[in-house]
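Inspection log for the structure reproduced underneath, given as structure tokens.
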Amino acid sequence: MKNTFGQAIAMTIVGESHGPMIGAVLDGLAPGIVVEREWIASRLRLRSARGEIATARHEKDAFRLESGVLEAEPGRWVTTGTPILIAIPNHDTISKDYTRTGDLLRPGHADYTAYAKYHGYQDIRGGGHFSGRLTAAVVAAGAILQSALGEKGIRFGTHVLRLAGIDDVRLQGKTEDELSEAVDTLRDRDFPVVDPEREAPMTDAILRAKGDKDSVGGILETVILGLAPGLGEPFFDSVEGLLAHALFAIPAVKGVSFGDGVALADMRGSAANDAPVMDGESLRFRSNHNGGVNGGITNGMPVVFQTVVKPTPSIAKAQDTVDYKRRENATLALKGRHDPAIVPRAREVVNAMSALVVADLIAQRYGTDALGPERRTR
Amino acid sequence: MKNTFGQAIAMTIVGESHGPMIGAVLDGLAPGIVVEREWIASRLRLRSARGEIATARHEKDAFRLESGVLEAEPGRWVTTGTPILIAIPNHDTISKDYTRTGDLLRPGHADYTAYAKYHGYQDIRGGGHFSGRLTAAVVAAGAILQSALGEKGIRFGTHVLRLAGIDDVRLQGKTEDELSEAVDTLRDRDFPVVDPEREAPMTDAILRAKGDKDSVGGILETVILGLAPGLGEPFFDSVEGLLAHALFAIPAVKGVSFGDGVALADMRGSAANDAPVMDGESLRFRSNHNGGVNGGITNGMPVVFQTVVKPTPSIAKAQDTVDYKRRENATLALKGRHDPAIVPRAREVVNAMSALVVADLIAQRYGTDALGPERRTR
Amino acid sequence: MKNTFGQAIAMTIVGESHGPMIGAVLDGLAPGIVVEREWIASRLRLRSARGEIATARHEKDAFRLESGVLEAEPGRWVTTGTPILIAIPNHDTISKDYTRTGDLLRPGHADYTAYAKYHGYQDIRGGGHFSGRLTAAVVAAGAILQSALGEKGIRFGTHVLRLAGIDDVRLQGKTEDELSEAVDTLRDRDFPVVDPEREAPMTDAILRAKGDKDSVGGILETVILGLAPGLGEPFFDSVEGLLAHALFAIPAVKGVSFGDGVALADMRGSAANDAPVMDGESLRFRSNHNGGVNGGITNGMPVVFQTVVKPTPSIAKAQDTVDYKRRENATLALKGRHDPAIVPRAREVVNAMSALVVADLIAQRYGTDALGPERRTR
Amino acid sequence: MKNTFGQAIAMTIVGESHGPMIGAVLDGLAPGIVVEREWIASRLRLRSARGEIATARHEKDAFRLESGVLEAEPGRWVTTGTPILIAIPNHDTISKDYTRTGDLLRPGHADYTAYAKYHGYQDIRGGGHFSGRLTAAVVAAGAILQSALGEKGIRFGTHVLRLAGIDDVRLQGKTEDELSEAVDTLRDRDFPVVDPEREAPMTDAILRAKGDKDSVGGILETVILGLAPGLGEPFFDSVEGLLAHALFAIPAVKGVSFGDGVALADMRGSAANDAPVMDGESLRFRSNHNGGVNGGITNGMPVVFQTVVKPTPSIAKAQDTVDYKRRENATLALKGRHDPAIVPRAREVVNAMSALVVADLIAQRYGTDALGPERRTR
């Protein structure tokens, strides 16, 4: 199950950066779900590279749904219940830039580990199967899932909490109304910050790094709204464990934390515990230090987590490295098209992975048809 | 696969805190592995509660291996290759303390989420299946795995990197010799700190919290030595994703990060990249900011990660809560036996979960017999 | 996942014939299901060895539910929703009979293949982990599942369709009323035949084989009533594929077929197709040649299948074999206690495996709580 | 994991008969395996429809390898170790024939069960995802696996053992030399019979059925040569269980049996047991009634099994059925292009599924690289 994740709903990732295509198979999704071409395209645009803060590679990310849907009208499909193959052809592939790298291992990349694993048979052009480009297929699949989950009142919002040392407003600790507004705002905001005034300093920092032939990292914060209590399992299939498993699949992610995150380490129990309280007939929690999860299971509060993204390893600066074939030390200055900051673009990949985990948990708990228009109750 | 984790080697967790027993099934382990009773017992002792800084519950943690082994001589078993059931009977269960809690939801615990998931049918005595006590079975299973991996030169060391705001020496960034020495030292150190002088201030902080009827949290840092390059997969079954999945199964864990962890967010690519360098005939990395993993796959450097543990939710201080049956607000002051700090005890659970992931990856890569004395080469 | 089967509901098998115990873990079952001790015991009795047609080994099959249930009153438990460990201690283990066999490979058994797989580390006493005795745990777990499924109107009936060349009445082709009656009759019939007059000749044939120090095989036929249409998947997770996978786990099973079974090979399409027909408002099929499954998915008709059981390999007759340690030819006449016919006893194992597959499919389709008393509809 | 099968090596099936394409993802295959275009094409030709005994639909079955391989030279690829997506575009799709069927349920097909499962959202054109056409992708994937296994000395041969009541020579019971010769002969024989004289009467029977607007069924017999002893698991992951699980995924398969198959039911233990015997230094069995598997594990003898294929449900003869939308009885005479006998064409699908199971078992036992040219021994 190497490239597949999920139980009731599963995603399989295929493709190489400079092969014919990249793609994802989404299996287990209910029949009858409406999928809009424009919605998927909009999610891909948020992930794709634009402007001077991003890579110069301009894939159109024109995706095709090759199975598992029927066209209801132009630009609108309906799921059939069978596996959906999303294919995104590769067009703009200047392999030249990459082959020039030849056998020089790119520091911070998977070049050496790919040799260790695949014994030299791997496709090295543009990172091959390790390329961040494969996350475009994840985003397209995630768009379908977000669409289905949206119909059930479940929404995802991710913003750049921190980039190059500059902070955005923290969502953890906000009221549900504030979170709801933030999620709405983030849905189509090109540069995903809650406070729009943080965009300029962050962009400046990115451009400075680019000017220095360098790159920056950061932290994303995600909010999931609308989850009923009772999703997830004690121990292995905790909501935290499943989300983390999927999030670490995103290249460059090096940390995942929930609720107050790392700050919980310095808190006392009396401060970290969230007190339940009756709110009329319904139970709520006075605070959300635990990020919506207790004992691995959702408690009905917003699920909140942070994703640490390391700086883009591809930099134009000269770096010491090794020529792997010759087994000798060398120097490498990358010439390809590279992002000085993948943090903002990663936001839709985080939403997509989160949607995969949530959709799977709902399908497990409420059954195959739970995300579709018809829910058979036997 | 709710309570099962792993592919080639899998662990299944069973039991309730106040039921007849807790246990774990370990499936897929090679035949011919020697297992010492005393070694397993020593790992359980490190996890168990002792002294005034811990809970007053004194389970003997007398475990039984009920299947999958044959006794070679007293205190020494050899695995047969079939599933190993480790059973730990529950003896010292004063359910009185817990039933007194009745329908008052313990803040920070899974009491409410258990209701949401199990509709009131769950075993609520002592946390039932959610109890941290179940990690004793994980530790025993992990001891078997650590024993097998040790024969292949793979070692695990975990220490309290931070507790109640007090730091131990950080292992990330140390030389491999220093790491090797630290791992040796930690193996049998009761209070797991690298610098023994940190024990007293940490213990003081725990006792102060206890005096305040409160609890503290912290961060564990883990080092895995001896891993060959090439373990793990791009995307979903990355080493980071698998470890995080397993680690979040440990109650109270709220964050997992690798290498320089959260600090990577503020670094530039030129600082975060680890440069490969030829060291005679063999390739090494000059630094280990990525914690031994690139593109989801081990690179031959020590795997280093941090685990954030929230403060123990069980505290003696009075807390606002809800009586779930009556659906009314209430106050709760817990009377049971509780740890003011589970951080030090969690160290062997982290080692056990890490051993599970590593053993599974090795069995996938090198086959069923890889951890046994005989490696069939066809 | 070697010893585990199932997705939403999974069973894990542990233990050795002459170790401390055998057992099964049942994970994923809904909370709130009532489990009667006497019902489980009755299923175990049907599997256990009695009379002169069976082995002389008399395990009491006294089982313990070690987790995942709470006792509601003596002899009655309620499931909690967490994994259920069923343990059956081994008492009556005369290893002497078996060790006398020593290194002589028992023909028709797994003795040689166990060597090939486990390199001599396997527990050879009484077949170890390969022993048919482990199916007692499967039967106990299956009893719990049959109990839960019975509440939803789903029933299982298995009879000896053929034994030593003697046929019972075939159920395939009968009306649903006739099937319902047969299933009711079979539930507690010691010797599972539909026509009670077939018991005597079958028993005679068994005794004749025993007199000849030999054994007999046969075919079981199973009917599952009450399945809604729509369970199962096209291709890999077809109802047929899942049932066959589980059924071949039963030692001595060598064939599985559905509906008209092998006879379908000689039929023409016009005879094998089952015509749908409106029966008032509801759709039914005029015949059931396909055994209740089309395209891998249940069609609402009874699911009917046949299981071929080879003759018990353990026979008292002298057989040519090999002494594996000495690598020389030898002769073996088994002295242990062995069944001349396991076919009748296997009937409850077939029901148990069928219940596992059906319960899993229902939990996948209708969600976690589908088999419990409460069905959350979100 | 609905459309995915396998653990270390897994196959995922996607596509619909009249959608843009059908395909399969093969994940987990070792890097460095050479794949010849012509070999894959030859396997597809054996599956495809030709002549008057088959359907008139003439897909070119022009496949594309979209990922996981690199072209070494024209017509020759080498695997990279990452997932291989095989895509076969659909061209010759006359949906007219099928849509004319409209809401009339085709007897013997999955039309009704698809409604029950997918609530009318399924793609009904040409059977959609249920179409036998999807097995072309399975055959292409299986060709890659057969190619890799062939390098390790493992070969697959399947012939029509029986068709419309006419028998071919039975392979079960033959010597290994005879089996080896038969497997070689069958590799490229268009009509897969061992005795070429059986082709004419079988073809006649097919044409007679076609003349009668009807169809025929039959039995395939498969031999797998070159398997080392020790593959498979006791209980759930028995070789028999895994093979049966995969074989029942083939549309129209209704029975699977091993070794002497159904005949074992009537045998006595003394006749059914295979006696091991020393053959110089190596152990062999005097007979192979158990079809190469004992206790779920290969014993080094040829694995032999039978697959029962029901008659093609698509027939031109008028049949009673139901108009599902109008909920009224109706009559249907199919006009599309249909095979009067899929038995001969199914032979390569059986080989492909067998290769999937065998490759997975080998990868589990000997590790990731076992099927590649390099076997790392750590």
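Per-chain residue numbering starts at 1, and chain names A, B, C and D are given in the order in which the chains are listed.
Quick note on the criterion: a residue touches a chain if its C-beta (ideal position, glycine included) is under 8 Å from a C-beta of that chain, and two chains touch if they have at least 3 such contacts.
None of the values given here were measured: they were computed from a predicted structure.
Quick one: which chain's Cα centre is the longest way from chain B's?
Max centre-to-centre separation from chain B belongs to D.
B-C or C-D: which has the larger count of contacting C-beta pairs?
Output for the comparison: C-D.
For chain A and chain C, let me know how many angstrom lie between their CA-based centres, rounded off.
Taking the mean C-alpha position of each chain, the two centres sit 45 Å apart.
Please report how many Å separate the Cα centroid of chain B from that of chain C, as a whole number.
So the centroids are 38 Å from each other.
Which whole number of Å gives the spacing of the CA centres of chain C and chain D?
Distance between chain centres, rounded to whole Å: 27 Å.
Please list all residues of chain D that touch 2 or more other chains.
1-4, 7, 13, 82, 117, 129, 228, 230, 234, 369, 376
Write out the stretch or stretches of chain A touching chain B in their complex.
So the residues of chain A touching chain B come out as 1-5, 7, 13, 105, 107-114, 116-117, 129-130, 134, 162, 164-165, 209, 212, 214-219, 228-230, 232-238, 240-242, 244-249, 251, 253-262, 264-278, 281, 283, 286, 290-291, 293-300, 306, 308-315, 317, 319-322, 324, 327-329.
If you look only at chain C, which of its residues touch chain B in the complex?
Result: residues 1-4, 7, 10, 12-16, 19-23, 25, 27-28, 31-32, 64, 66-68, 70, 78-85, 87, 117-119, 121-123, 128-129, 369, 372, 374, 376 of chain C touch chain B.
Going by the contact rule at the top, pick out the chain A residues touching chain C in the complex.
Interface residues on the chain A side: 7-8, 82, 152, 228, 230, 234, 364-370, 375-378.
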